[in-house]
Each structure stands twice: as C-alpha cells, then as structure tokens.
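I have placed the structure first, in the form of structure tokens, so that the comments after it can refer back to it.
For reference, chains read A, B, C and D in written order, and residue numbers begin at 1 within each chain.
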Amino acid sequence: MLTGVFAPIPTPFDERGEILEDKLIENVNRWAETKLTGLVVLGSNGEFVYLSEDEKVRLLRIVRENLPEDRPVIAGTGCESTRNTIELTCKAAEAGSSVALVITPHFFGSGMTSQRLHRHYTELADASPIPIMLYNMPRNTGISMSVDLISDLAQHTNIIGIKDSGGNIAQISQMVRDTPDDFAVFAGSGSFLLPSLFMGAVGGTLAVANVVPNLCVDILEAFNAGDYDRARDLQRKILELNASVTTGFGIPGLKAALDLLGFYGGPPRLPLTPATDDAKKRLQELLQLCGAL
Amino acid sequence: MLTGVFAPIPTPFDERGEILEDKLIENVNRWAETKLTGLVVLGSNGEFVYLSEDEKVRLLRIVRENLPEDRPVIAGTGCESTRNTIELTCKAAEAGSSVALVITPHFFGSGMTSQRLHRHYTELADASPIPIMLYNMPRNTGISMSVDLISDLAQHTNIIGIKDSGGNIAQISQMVRDTPDDFAVFAGSGSFLLPSLFMGAVGGTLAVANVVPNLCVDILEAFNAGDYDRARDLQRKILELNASVTTGFGIPGLKAALDLLGFYGGPPRLPLTPATDDAKKRLQELLQLCGAL
Amino acid sequence: MLTGVFAPIPTPFDERGEILEDKLIENVNRWAETKLTGLVVLGSNGEFVYLSEDEKVRLLRIVRENLPEDRPVIAGTGCESTRNTIELTCKAAEAGSSVALVITPHFFGSGMTSQRLHRHYTELADASPIPIMLYNMPRNTGISMSVDLISDLAQHTNIIGIKDSGGNIAQISQMVRDTPDDFAVFAGSGSFLLPSLFMGAVGGTLAVANVVPNLCVDILEAFNAGDYDRARDLQRKILELNASVTTGFGIPGLKAALDLLGFYGGPPRLPLTPATDDAKKRLQELLQLCGAL
Amino acid sequence: MLTGVFAPIPTPFDERGEILEDKLIENVNRWAETKLTGLVVLGSNGEFVYLSEDEKVRLLRIVRENLPEDRPVIAGTGCESTRNTIELTCKAAEAGSSVALVITPHFFGSGMTSQRLHRHYTELADASPIPIMLYNMPRNTGISMSVDLISDLAQHTNIIGIKDSGGNIAQISQMVRDTPDDFAVFAGSGSFLLPSLFMGAVGGTLAVANVVPNLCVDILEAFNAGDYDRARDLQRKILELNASVTTGFGIPGLKAALDLLGFYGGPPRLPLTPATDDAKKRLQELLQLCGAL
C-alpha cells in the first residue's frame, strides 16, 4: 500500500524554455536529503501540458536515475485519449516509475460520463505494467469523479489509490469507507492534509512539499504518533504558504519560492510568466513564517 | 461559548400550508427527550423564506415556551436588508431566543462585497439584544464569506460564532485559527461534523440531527472523549442519511424521514412538494441502516 | 399582446432608508414625458427584496395614480412561496397594475424543478385577476427555465409573456418559435435588446431605460421601421452605459446616474451602499457619450 | 477579409482508433460538392486533443490535397504552450493551410490572465507565416476573452478574426464595434449564427455545417440578400439539430449523423464512445425535420 508524502516537482527551464537537466539533478539531490517519501514527476506542477512526450520520458529517466532507489517515482501519465495514456504509461514504466498518476480526461467535459471514465481507467489498468493511481482535480478539469465510480475502479487489482485535489472532506471520508483497506487515498493539497489523514487518508501529494518537505512529513509523523495538537499546529501553520504556491501565485509562485530557498525554480514556459516582485516579497514573508528561510 | 449539537427544525404545515401548532409542540417535546443541546428555529430547513414575519415570531414563541429552559433556541433572523434583519432579531430576542443565526444577504450577489457584509453584520450586532452567529451558506446563497471578513467580524463582542455550511475544511481550519478562542465555529452539515471538530470546531447545526439526534451527539461525545475510532465509525455511518435529508431529497426528504420516525413531518409549502414514494423508500432504508428504524 | 419598452424603476429612499413619496412622484412625472410604454414597479432594480409587503403595495398605488392611464404599470410580485406570490399579485391587481412580472422562486435552488415551477406558475395564473409575465433571471437566481417549461406555461391563457434576463440568444430564438404568436418575449437587458427583437422579441424591460428612455425606444422604433443600420448604431451605443447601471455598478450605479440626470436617485437601502466617486465619474462620461448629459 | 460558412470536420477512425485516410478523402469530396466556403481541420470536433502532432499534420495535408484550391483550409493549431502552438502553426502553414484557428490555452485556468493571453497570441502572430484567428470557447476551456483583449489583439496585422463559441450576443456586438472593419467575427455555433450576422459577424464555423452544409450557407445568403424572414425561418429550423450534434450528443452524435447521411462518421477515439441507439434515432428524426434525410 502506497503511503507517505510526495512532492510533485516543477520542471526547470531556462529563459528560452529549454529543460535544464543539471538543475533538475541538483534539485532532486536536495529533495533526496529530506524526509520526503518520493517524487511525482509530470504532475500539473511539472507543467506536463507544456511538454512533448519525448521530454516527459526524458524527465522521468533523469529523476529516476538521480533519486535513491528506495524513493519511488510517481509519473503523471494522463492524456486526453485512452491510447495516448496507455502508451505514455508503458514508457513511464520502462523509465523506472513505480506508479502512474492519471488525471481524468476532461476537454470534452460533459461527455466524460462515469461510464466512459470507467472504461478509460479499466483499459489503462489492464494494459499498464505498473499500478495506477486515479487523479481527481476538479479545479483544473471541471470534472469530479463520484465516489461510486472511484469505489468501482478500486476493485481493479492494478488501481491502487487516488490523489484527490478536490478537498471535499465528506467525499474523502466516503472514498475511504467505500474502497478496500489497501486502497490508498491521498490528499492532493497541503490545505487539507491533516483532516484527510484523520478521516483515513494515508498520504499526500502536495505542491507545498516542494518547499517545506520536512514540515509536511512532520504533519504525517505527528499524526501517526497520535500527537494531534502538534499535527494541528503544523497544519494551520502551512495554510497560507500552501495557498500561495497553489491557487494564489500558481506554478510561477512555486518556482519563485524554490529560487528563494536555493533550489532552482526559474521561469515557467509561456504563456505562464514568472511571479511578480510583489508575489516574491509575499512568498519570502510566508517562507520566513514557516521557518523555511 | 456556544457548543453542542442543534437541530434546525422544519415547520409543520397541513395540506393547505397552514402552520400546525400542536404538531410543532409534539415534535419539540420529542426532541426535548434527546441529547440535543437545543433547537434552531427559522433556519433554511424551517422554510423561513416561505414565512411571514408574524409567523416567524409565533414559531419562535411556541418553541421557546415548549422547550426546557436549559435548552437554547437559536433563531434564524437573516433578511435581505439590514433594517429588516435588525427588526426581526429584536423580535426574536423578545420571544426568548438565545442567539440569532444570520445568513448572508445574497440576492444582489456580486454587490455583496466584504465591505458591505461587514457593515451589515456590524450594525446588526450593535443593535441586537442577543448575540449574533454568522451563517455562511454558499450553496443556497452563492456567497462565501472570506476568512478575513469572518476574522474581522469575530472581534465584535456581540458576534459569537459562525455556522459554516460550505464545508471547505481548509477554510474551517483557518477560521478557527484566526478567530478568538471563544468564537464558536459550528459545522453546518452532518457530512463534515467530525473533521470540523478535529480542526477546532465546537459544535454543529445539522439537518440530520432532526432525525438521528442522539447519533449526532454521540459523534461529538466520542470525539470529546478521545474515542476517535468510534467517532469516525459514526461519522461514516451517517453520510448517506445526511445527504438524503439535505442535498439529496431536500426539505421534503427531511419531512418524510420525520414522518417515518413518528414525528410530524407533513408537506412543505408550495412550490416545494412532498417527497416521492421512491424517495420515501430510500429514506426508510437509510434510517434502518442507521438504526433509527 | 404586450409590446414596448418599460423601465424597471428604482425606489427612492432618504438617508435613513425611508421611502420618499414626493421624489417618486417627481420621477414618475418625468418618465411620463418620455416615449416609454410604461413602468415596472418592484423589479429587482426596485430593491423589492428590501421592501415589506405594505411598502410594495404603497409604491404600486403611488405610481399608478401618477402615471397617465394609458401607460401600463407592471408589478413585480414574485415571492419564494406560491401563497405569498398569489397574495401579493392580488393586491397588485387591486392597486391597478396591468400585469404581474413574476421571478422564479430560487432559494431552494436545485429543488426548483421544472415540475414544481410549472405548478407554481399555474396555480398563480389560475388565481390571478391580472395576466402573468414570467421572469427568467439566472444571474441573480441561479435558475434558468427551460424552453420546454416556458412553452408549456405559455399555453395558459393568463400567462402572456416572459422577461428574459439570461440573454442566451439561441434560447430566446427558441422561446419565440415555441410559444403562441401573442406570447410576448421581452429582453430583460439593454445589452441584447436589438438581436432579441430581430429573433422575434417584441419589447424590453431595461434598467438602462430609466436613464436613456427615448434612446431605448428609438432602438425599437428604428427596428420596427426597418432602419436596421440606425438600430444597430443605437444598440452599440448603449452597451457600456447599460453595463454600468446593471452588472457594473448595480443599483447604486443606476441611482447615481439618475441623480446626475436630475431625477432623484438617492441611496439604496443597506447592505447596499451608494456608488463611489470613481463610479460616478465613469457614469458621467458614459451618459455624455450617449448624449444624455 | 475572411467570410463564409466553414465546417469543422471530424476525424474518421476505424474501430481500433486508426485514421482512415480513404474515408476522409471521400468525405472531403462530398463537402466539396456543397456550398461550404471551406473546412476547418483539427477543431474540437476533429478530436484534436486525441491526435499526435504527426497525425495532425497528416490530416491537414490530406484535406488540403483533396479540397479544391479555392476552398480555404483553416487549421486548428492551438496547444497549451506558446512554443508548441508556434511550431504546429508553422507546420500547418507548410501543409497549405490558409489560416490558423487558435484556441485559448486553458489548463492553468485562472493563470491565463489577459496579459498572458495577449503575449501568447502576439508572439504567435509575430512568428506565424499564416494569419491567426482567435478562438474563444468558454464551455470547454472555462476561459472567455474580454472584449478589451480581443480589441487589442485585433490591432495586430496578422490576427484577422475570431471564432466565438460563447454566444454572448452583447459581447459579440461589442467585438464587432471595437475591432477594425476587416476583422472577421465568426459565430462558433449554428445556434446563434443569424443574430451574430445581424450584429455584424461575417461568417460561421459550425459543427452542424458538416451535416446540413447548404442549409447553413442558405442562412448566410438569405441574410446577405436581405431576406430576413427566410433567414429567421432557417435559423429556427436548425436549432435542435445543431444542439444534438454539439452540446446534446457531442462528437459521437455528429459522427452518427454523418453515418446516417452516407458520409463516414465512424466511432470516436476512447474515452469517447459511439452514440447510443436512442441518440441515433433522435438524430434521424431531426435530420428528417431539416430535410436532410
């Protein structure tokens, strides 16, 4: 059963938008020194929608080669079509990824019925050499999988969990209740990590874990140790920082925060543009409040 | 500081839509035998938008007169205008209500800025003889108060808490953190009572508490006793029943469930219409699953 | 068959929120000098949600007594409950109103099914001494009646038209097609008056008609005369002014614009607050651009 | 200046999801016999999100080679990143496309500010060998470009028009008014073609033009000839058929309708699945009502 805290890492680009492999390796080496369980490559924070398939596979290889073997790499392999998703998932497996994290197809919004999503994930899970983790992200996709659908898919032996970024705590409670005990429910944002754990989630894939990895792991550890007061204090502490590197300033904010911490953040690819000076100033304050600076 | 579990009671009507005082009294007497802390009169489940001011005051008096003195009555007194809200709140105070629960004005949606809501609640709190509880209900109003606004309003000595029906657990965490220790954050739905308590809420105003009052209080008691496994079990147990008497079948569902339990539910006022036979059958199943039937 | 351009008038208040009858009469006298077909009293611009039933009836009487007999008064009589709507509609009829304009009940959003709305309007139309005009206003109510529902209701002899503020031109086209020839489809905003007329609408109830009544009537007249170029020019001319007194600055903006034009606008009731100085300055520019100042 | 009616053609696949070139050519030959001005390849109806870059270029070449030279090919070249969009647009130009139709990037929803979209389209227009047509499609993207942004971009000599699928007729009126006379505003759906033309649009890119091409062109011709009654009749006639091949049954419906008409429709790629038998039956009725069957 998958558990722990993962950071969905951003992709380092230079000013012209080219991937900087050496900077990626440096970043990975630093994350390897933290308590993070592993890394997610090609998540939305990795700007996966801006990457070619070749770039995606290259990134997966580099991270896998540079991260200690005992730290799993989760690969974001969701595409709009079932065939492309299967193809990329197979390549991710070849590149050494442990798990594929697969966002719901969404461009044809209302066309993405539960029946069609069920078939999409089932054909994928049948074909994939590595286990599948569902990825529910209503904010960016406009689609929220029902608990019934999740519960059905959880019966598939090759579908081992879900990352839920919707944050509806009642729905998370129900997901935990209606899926097998070894089905891993992960919080998809630092803003609701602790209450999700309390209702039965077993991990998190958190943008904010890029910048304060140990603090995020501390929440999980305090919770597991039954030290709820400490867990609550830490959870409350990261709320604004979490918001600033997600809904607030987005990926440019996340990258700017990494720059402030001595990682390589760098610019996003266009049409995204770097964080403003005001945003950077605010991020600095928030990092200081969390003791990261 | 206000704490505990309250049921927002429905208003009993006959087939022509007239209020049935005797049935109301019978219901109140039965709720008085439960572990409920008190009752909310004129909440959305009370069909307050269908009631005249005279009817509202009459209902408040009846409930107050028939409920044991140690059980507080919370009165829903929110109107669209500040002046009407103040007037009704004063009448509710005269009728013996302990607290006024005041929904955000909302018809002029985007016009309801934080600045205007701040003034609305401040003028009300200044004028009111009884303490004010804010009421955030984005689903029906389209408006969600920001934590900054709530935190500002919480400084007013006559604003003592908030009922939040939005259920954004990150926002609830932040509300608790950014308001004084004696500011009471209440969960507005049974679907997220327990995670709210875990993040610092101190009570709930729950439609489902009309039908399974002791089960709802048991969640709070188990939580307070540190018996988290039991609390979680109970929380998970009520999820569907809670949904069925709220977002699922609405007030007609709540009333039908009460009828099944031997309370008087009766028909809602038009344009609402009674629950269908299919809904009633489902409600019966859910009540049985919860041990209420 | 109802046709023409109507202004949904605001309610004049003093600084304390009391109704100023003499100012209302002065305003009505001025509108009577324009080419407006008639007035709508108690529309959303009339802040009807802030008025008591007594105030509503009083306003209807005053306007009816002061407007020339050949100019119809349309009364906004929609309430959340069917019974209150019927009661107010009967009182509006007694007060001399020609037509009742009835907004969809909406507080119990998803509960307002087509079936329930059908019954609401049918019971009302059966009971009402005056004809009913449906009022579709998705922006404020969150509810948009389907063309099927509208088409069914249009069969009732006492339901004579609809004011549509949604502005979905395909839906308006279909409404016209699927209702009897003498069913009056009215545009509910100046922003889509002309294209609505082109697709078969026969009038408009327009906030902007309060401030530039003749210009609005000119659009209708130019259209009816087949002078489409002129109609288009005028339609394009009022777009920003229309936006500024509706979605832009709201009722406070509409009232400020009236003040600038020598009508009495005055303050809205709380929680609405007067337009800012910046808004007033912008309104002045827009009124000048339209030749109203 | 671009004018006329274009059909955004679907991509023909076999049961395994492979592109059927011969079927595509047969379809193109049939469309070439109609009054259509030209074809759009790689629009959303072309399932462009399911195609690799190689497939995209291949489709563009085939259509260009098989369509008479005087019929322009518009290529859908929008990608999430600016760099990929530029690259694909250059390839589309090489493949003989006349115009690139470029949807707004949208995955990072709220991050797609007007400023960023301005830069995206400006860099693209600077680099592109062929003219750019903006593509506003709020329903699928969650993003609606403001008139100010459109008006700014329309100043670029290589940005020649916009396809608007939002259908807000007030916004379309304003777009026409605030852009140069030779900037082409196109209706993006058959449901609002005629009112758009009346307010100054000069063409349409319409899914329904795949199935009733001549009927769509007839609307434009009747409008241009000043025969408004006929134009209105035709516009009203296609409303349901239009809905059924767009929001109703989606691309599977469009493909099923083509099959019924003797074109090759075939199955969509997964996760989309073919239209149900009920949908096909309804489509047959609607095609008969429009005289296409």
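What we mean here is this: contacts are C-beta pairs under 8 Å (C-beta built on N, C-alpha and C of every residue); 3 or more make two chains touch, one makes a residue touch a chain.
Keep in mind the model is a prediction, meaning the values are calculated, not measured.
Going only through chains that touch each other, how many steps at minimum separate chain B from chain D?
2
Let me check something: if the centre of a chain is the mean of its CA atoms, which chain is farthest from chain C?
Taking each chain's C-alpha mean as its centre, the farthest from chain C is A.
Would the interface of chain B with chain C count as same or different, where same needs over half of all numbers used to appear in both copies?
Shared-number fraction above one half, so same.
Can you check which chain pair, C-D or A-D, has more C-beta pairs in contact?
Counting C-beta pairs in contact for C-D and A-D gives the edge to A-D.
List the centre-to-centre spacing of chain A and chain D in whole Å, with centres computed as mean CA coordinates.
Computed value for the inter-centroid distance: 35 Å.
For chain C, give me the residues that contact two or more of the other chains.
Where chain C is concerned, no single residue meets two or more other chains.
Give the list of chain B residues in touch with chain A in this complex.
Listed in rising order, the residues are 167-170, 173-174, 176-177, 189, 191-192, 194-195, 198-200, 228, 232, 235-236, 239.
Using the touch rule from the top, collect the residues of chain B that touch chain C in their complex.
Listed in rising order, the residues are 17, 44, 47, 49-50, 52, 80-84, 105, 107-112, 115-117, 119-120, 123, 139-140, 142, 247, 250-252, 269-273.
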